Structures are given as structure tokens and as C-alpha cells.
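There are two complexes below, and they share chain A, which is joined by chain B in the first and by chain C in the second.
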Partner chain A sequence: MKNIFAVAGVVIKELYRRKDFYVLFIITVLICLVMASVNVFNDSKVARYLKEICLLLVWVSSLVIAVTTAARQIPAERENRTLLPLLAKPVTRMQLIFGKFFGCWFACGLTLLCFYIFFGALSATREHQWPLANYFQAAVMHWFMLGIVVAMALLGSLVFAAPSSNSTICFVIIGGILFVGRHLDQVAVSMREPLRTIVNALYFTVPHLEFFDLRDLVIHNWPLIGWKYIVLALLYATAYILIFLIGACLVFRRKPVN
Partner chain B sequence: MNSPRTFLLLLVALLVLCFGIAAHLAPEFQAARWSRSTGDIFNVVLGDSRRMFAQSFYIKADAYYHSGYYPTMFDNKEAFQTQHMAEDTGAVSSKNHGDEEGFLGPKRNWIDAFGRHFFPDRHSHLDEGGPAGDLSGTENVREILPWLKLSADLDPDNPQTYTVTAFWLRERMHKTAEAEAFLHEGLQNNPDSYEILYELGRIYDESYHDSPRARNVWELAVKKWQAQSEETRNDNKLIFEQITTHLAHLEDQAGNYQRAIDWYRAAQTVSLDPGSLGVKIAAIQKKISAQGP
Partner chain C sequence: MTVILQTQKLRVEFRSHEFRQTPKIALQGLDLEVRAGEVFGFLGPNGAGKTTTMNVLLGFVPPTSGTASLFGIDVRQPIARQRIGYLPELTYYYKFLTAEELLRFYAKIFGLPRAEADQRIARLLKLVELEHAAKRPIKSYSKGMQQRVGLAQALINNPDLLILDEPTSGLDPLGRMKVREIIQRLKSEGKTVFFSSHELGEVETVCDRVAIIHQGVLKAVGRVHEITGQHANLEKAFLDIIGFQSQVQATT
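Let's look at the complex of A and B:
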């Protein structure tokens, strides 16, 4: 565990040395402030459109940070020729993968914390309330979803040749799941065999990232979700994270280091 | 000849020429009917596709009206053919049928069943308190307004956006002045819209209690409605019934009983329930006979 967290610490330090987060955070703040200045029939309490825009920007920014950070970890080590010395020390390949994963995931957690504090402050200025439990549920679910994304991008970085192609493929898959993942079984109904079986199989095997998207519930002030469903969803996410990480370890075991 | 001063003078001359041509052409271009620059920024940037975006923002407003519980392209949309926020104004005829509570249908599998815990899964309207059912929070209907305003900015030729916005501004937000101003903006863009005139008349009658003004506006609305083609009139019978029954009620209140009967009879020609209007006519005729000759 010590080695894993040592590797993770380096990844976190790398994130706050890079400008990605700061740029995305400032853009989010600026866009939200401009949208907040819009006069809607002289009513200063209109809040939900602002919450929706802010959460959309938070989601896009966090996905960009998660995918790009995770996708470049191992290729960068290989390019800089630091992978071999790293593995020459008492760090196993599995520890390296897990270390990289935890580093990216914790870094995403830190960025999410900043984004959600800003989101809470922004909505409090309009709605004059702090539904902290709802925000906590949304943020935790979002963070675990990013865990799946990071694990998927790490696996992709070992399969695909370049970080750019890996990032693009990851974005396409994530977008596809978020937009149509919930309806894949309905889409399959109108298809012919064997496509129907393939799409149905996809429906039951892909990680349903849309479970973790609680934006509509937060935007429209719905009551809390039962905690047991949250725990089950987090277990679901953990299972997929482990599947992708084990897959990454298996692929990395056979990969030449140089 | 090749001195820098000559080039400078030539440059200044060219700039003056350019400015002159631009100053001459710009007003003509602005005034031309085909010019897209006469519109706002949306018109210039999006062209006719702005109507598509306007419609999608209009639907977005209805999704907000349902606190996010809204069918996607994969769900059964039969109960959402006419936007409920427009239907609830009472001036739009409904094309909805089917179950608005359960467009999601029965749970298809464990993923679908589990996933339903993580998005809005209950039908509610913002003006009835939203998902919390808190009737003290009916002013939350304000949340649909930004999308309606954006929709009107993108497609100023759609009168329904103005009437729906004005209705909720007046009814729930008690912002009569803003509602009136928005309707006037709509009337500038749609001078022949009887829907906007009807809603404007309601403001004068119900909020300002200015009956003469309401009468004038509604009578103009009737004329505009009658000026439509027969096909359009057949598609918009409900609004004519609304205008004429409001006019009849107004004349009844003012003691102009014969005028009231005339308006109710006009409403009967398009009404789905002429019997109930007949009862009102009979009541007014009783008042006339009670007055005596």
C-alpha cells in the first residue's frame, strides 16, 4: 500500500502543477457569473437554469480532467524513460497501475470538491438554502463514476497506441453510455438478429454511468435518494473499477516496458 | 512618387473610399427584406435553424415545469404532445392522450428498475408544488421563464411562447407589468396574433379591471381570428370560444345583455359543449325579461 500511495502522491502533485484544472475552473466560474447576470423578468430568485449550466460545466470539466490525466500516465512514463527505473525499485506492475489509478482518482476528487463548493455557493445565492446531503450524494456518485472513467482510461492507455486516440475513444464511449446507455435494450428491440443480441449484451455489460448522474434531482430539488440505493450504486461502480484495473494489470503484465 | 507620404495619402484615400461605400451600402442592406442583418444576433448566427433551437428550449421549459420528469425520444410521448405548461393556461387545445404518470412503462429489467432511483420518476407540475407537493411553493413556476424567454428570443414569430410566458408571469408570479410588456413585444413581432390579443385582454380585464380596454382588445382579436383562412379557423376554435365567452361575460357584467347573448351565440358556433353556453344565454334572457320592457 505504501508504494501505491507513493505513486498516487506523485500523480496528485502532477495535477496541481498542470494548468488544466485552473483553466477549466476559471472558465466554469466566468460562464456561470455571466449567466447569473442575465435579467429574467426582474426576478432574482430564478436558479435552476443556472444550476443546470453550472453542473453541466462541472461534468464536462471533470470528465476532461479524468480522461486526459489517466490516459497520459503510463505513456508519459514510457516516453520519459522513467518506467523502467520505477519498476526496478520495489514497485510491482500491479502497484504502479493501482498507484496511478488512486492518484488520478484522488486528484479528480479534489477538483470535484472545488467545483461542488462553487456550485453550492452559487445556488445558495439564489435559493438561500444548503441541501448538503443532496450535494454530498451527487458529488460522491459523480466521484465514483469518475473512478470507472479513470480505470477505463488507464486500461485504454495500455491497449491503444497514443494518449490522443485513447482519450477520443474514451470520450465516445462515455458519451454514448451517458446518452443512450439507459435505452440500449429499447433500441435492440427494433433490430434484427444478430445485432439485437449484440446490443442487448452491450446493455447488460457496459458500466451504466447514467446511474451516477444525479443532476436532474439536484437541479429540481428532489428529495434525497435512499442511502441503500446509493451504497448499491457505489458497489456497482467499485466492481467495474476492479474489472478495468484487473484488466489493465493483465495487459500490463505482458507489455514490454521499453 | 515613391515617397512614404504618397503611400500614406493613398492609404488614407482608400480608407475614405471604403468608409464611404460602407456608409452608403449599410443602410440599404439593413433595409432590404432579405437581409439577415435586420434581425438580432441569433438570426444572423443561426438563420432559420433558430426555430429548431427555440422549439427545443420551449420543450425544455415544459420539462422544468415537470421538475425534470419528462419523456425522452425513446419513451412514449403520447401524453406530452401538447406541452402541459401551455395546456394549463386554458388557451391551448390539448392533443394529449395516454398515461402521463407512467410513460416509462413497466420496469423492463433489473438495470432499468435500479436506474429509476437516480432520475425524476414522478409526475408533478411546478405550479402545484413540484415533487415536494408543497403548494406554498407554487411560485417555483418562475423556473420555466428563462427557457421561454430564450425561446422567444430565438423565434419571435411564435405567439404561443409569449402567451404562455405572460400567463405564468401574471398568474403565479404576480408580475403583471412584465407580462404586459412581454405581450407588447410579442405583438410587435406578430401584429395579427389573436392569441396575444386575447392574453393582453385578460391582463386588462382581470388584473387592471379596465373593461373598455379589454373589450377593445378582444374585439380586435375576434376580427383577427375571422380574417384567418377557414382551415386555420378550424384548427383554432378553442381560442375563439375563449375570446367570445370572455367578451360575453364582460358585456354581461356591464349590463349589455343583448351584446352578451350575441357573443355567447358566436361561441356556440365553435364550442364542443354548446349546451352549457345555452344555459348562460337563458340566464341572461331571464335578466332581460326581469328588467321588463
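Let's look at the complex of A and C:
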């Protein structure tokens, strides 16, 4: 484990020394503060719109950070040749993949924490309440969803040559899952065979990232989701994370180092 | 003397992905032995198989046939790399880290306790003359400084065997001299150094024994004066051994 955490530590340092997070955070804060300063139509429930916009920005920013950070890890190690001295030490390729994953995932967790603290403070100024349990459920589910995204981008970084192509493909897949993933089974009903089976198979194999989207819970102050469902969702995420990471280890095992 | 690094009938073939392309033979039956405490120079023209040999020794490339071992352990076992230090050619270390942080990262991988790591980092930064820049990000380092930080990372575990791939490549004369001095100091500390270089004058000065490889085949191995023989210097001997002079004579 020491090797995994040593590698993860470098990834976390990289994230807070780069400008990506700060830029996205400042943009989110500025947009939200400008929106908060405007009173649209004297609507007493305007705070909900503000929360919705803020959470949308948090989701977009976190996905950008997760995909771009994970997608560049292994290609940067190869390009700068730091992979050579690293693998010349008693570090296995599996430890490297897991270290990179935990580094990216923990780094995403830290950025989420900052975003959710800002979101909580912003909504508290309007609604004068702190539904902490709701925020906790939403943040944990969001974080595990990012775990799937990070693991998927790491696998992609070993399959596709350039980090940019990997990032683009990851964004298309994530967008596709978030927007149409939940409707695939209904789409399949109107199709002929063998397309119906293919689309149905796709519905049951893709990781349903939309399960982890609890924005409505926070925006409308809905009652908490049962903890057992949360635990089940987290187990579902863990299973997909492991599938992608094992895939990444298998691909990386066959890859030439230089 | 104890044999630290050994290859026996080592053969490496790279298969081409293109249809009907024959595999490229990088190494053909390489037999090498490096003994404890010696500085061993590994010479050959570009594409001779030096880096492939190092890649096999470091477990990056599996041998097609034959064996390679470090300290008697098969190189495919990660534990074989516990007592070695490796400096690759032209590496750009994590530019967002400082030299101190980089060395601490590698120290963690070797499981060094914090106090011992601190002590060793300070000693290595002094050895490679980077104490003044220890807290500066690596992105602000010159090429020579980057190479020296690379040398420091290769020494973080106090290795018994150092594998250096063209350690002076791309350095100015001053940088080369500093790296040479470090190698000589390591030799005086009883370390075994296995290094490849194109700087034959440097090899002549530093090495106890040398091996010359050409097109994946070991052409000569022995003490520098044995290899040099009746030639004026190692460079002339090298050119003769790889067949360059006979080619020149044939064309004139």
C-alpha cells in the first residue's frame, strides 16, 4: 500500500499546484455570485434556480477536473520518461495504476469538498438552513460517480494515444450516459432485432452515472434517500471502478514502457 | 568476486505488427557478467542493443529466450530491483515538485523511515551539488541540474548496483565532469556501476572493464587496456571492433 499512496501523493500535489482547479472554482464562484446578486421577478423561490445553476457548474467543473487529470497521468509519465525510473524501483504496474487512481480520486474529493462548502454557504445565505445530511449524500454519491469517471479515463489513457482524444471520447461517453443512458431500455422497445438486444445489452452494461445525480434532492430539499440505497449505489460504483481498473492493469501489463 | 549482474544467452526479438514483416532481433545470445565493485562500461553504436539490454535488466522488456539476473534473482521479480539505482537517458522529472520532494517520493517507495530519508536526501543533494536549489521546482532547473537530480534519485536507496543509461548525454563539459566525478566517488565507495556511453574518453577514464556490442552481438569484453590492445586509444579499438575501419578501407 505504501507504493500506492506514494504515487497518489504526487498526483494530489500536481492537482493543487496546477491552475485548473483554481480557474474552474473562481469561474463557478463568480458566476454564482453574479447570479445571486440579481433578483429575478421578485420570485421568492429564486434560491432554487441559484442552487440549480451552482450545482450544474459544480458537476461540469468536477467532471472536467476528473477526466483531464486522469487522462494525462500515464501519457505524461511516458512522455517525460518518469515511468522508467519509477518502474525501475520495486513498484509494480498494478500499484502504479491504483496509485494514479487513488491520487486522482482523492484530489477530486478535495475539489468537491471546496465546491460543496461554497455551495452550502451560498444556499445558506438565501435559505438560512444547512441540510447537512442531504449535502453529505449528494457529495458522497457525486464523489463515487467521479471514481467511475477517473477509472474509465485511466483505462482510456492506456488505449488511446493522445490525452486529448481520450478526454474527448470520455466526455462524449459520460454525456451520452448522463443524457440518454436512462432511456436506452425504452428506446430498445421500439427497435427491431438484433438492434433491440444490442441496445438492451448496452443499457445493462454501461455504468449508470445518472444514479449518482442527487442534485434535485438538494435543490428541492427533498427528504433523505434511505441509507441502504445509498450503500447499494456505492457498491455499484465500486464494482465499475474495479472493472475499469482491472482492465487498465491488463492493458498496461502488455504495454511497452518506452 | 561476486557476480552482481548476469545475462546468459539473452535473446530479444521485437515482433512487427505489419504483415509479413520479420521480427527485429535486438539481442542475440548476450552473455555478460558484472562483478561487485567494478565500473563497467557498455558500449556500442546507436541501435546496437544497449538500451534493450538495460530494459531487460530493469524488467521493462521480457527476454525472448535466455536469462538475466541481478544479485542472483531473475529480473522479472520486482524484488530484484530493490538494491539497484537507475538513471535513464534524458528524463524530465515531475516539474511541479522540488528536488527534495522528488527524492522524498522515491524514498517512500523504498519504505525509508522519515529520519533516515531526511538524512539521505540532505547527503545526496550535497553530493550532486543541488543544496541551493533543493526547494525550487524542478521546472526551473537547467538540463545539467535535472541530470544531477536524476542521479540523486538513482542513489536514494543506497543501491549496490547503479545502472546509468548515457548519464552525460546532452551535458556541457562542466556537467559531464561533475557526473564523472560522482561516478568515481561511487566507485571509491565500493558501488558497482553499469553504464552505457558514447563518450569513449570518459569510459577510458572511469571504467574498469568494458563490453562492446554491435547489432545485438557481444563483440568484445575485458579490461580497457586489453580491449585497446595495439590501438592508440579506445575510440580506434571501438571502430575497429564494430568493423567501421574495414568498411572504410573497403570503400577506398
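Definition applied: the second predicted complex is superposed on the first by the 253 of 258 C-alpha atoms of A that agree within 3 Å, B and C clash if a C-alpha of one lies under 4 Å from a C-alpha of the other, contacts with A are read in each partner's own complex, and residues count from 1 in each chain.
Throughout what follows, a contact is a pair of C-beta atoms (placed from the backbone, for glycine too) under 8 Å apart; a residue touches a chain by one contact, two chains touch by 3 or more.
Nothing here was measured: the structure is a model prediction, and the numbers come from that model.
Legend: residue contacts after superposition of the two complexes on their common chain; A:49 is shown touching chain B, with no touch to chain C.
Look at A:81: by the touch rule set out above, it reaches chain C but stays clear of chain B. Legend: residue contacts after superposition of the two complexes on their common chain; A:29 is shown touching neither chain B nor chain C. When both complexes are overlaid on chain A, the residue A:92 reaches chain C alone and has no touch with chain B. In the superposition on chain A, contact is made by A:2 with chain C only, not with chain B.
Counting residues of chain A touched by each partner, chain B versus chain C, the larger count belongs to B. Common to the chain B and chain C interfaces on chain A is no residue.
For chain A in complex with chain B, the touching residues are 38, 40-43, 45-49, 141, 180, 182-183, 185-187, 203-204, 208, 210-214, 216-217, 219-223, 225-226, 229, 232-233. If you check the complex, the residues on chain A that touch chain C are 2-3, 5-6, 9-10, 13-14, 17-18, 80-82, 84-92, 256-258. Residues of chain C touching chain A in their complex: 55, 58-61, 78-79, 81-82, 84, 86-88, 90-94, 96-97, 101, 105-106, 108-111, 150, 153-154, 157, 163. Taken in their complex, chain B has these residues touching chain A: 64, 67-68, 72, 74, 108-109, 111-112, 114-115, 117-120, 130-132, 139, 142-143, 145-147, 149, 169, 173, 175, 178, 182.
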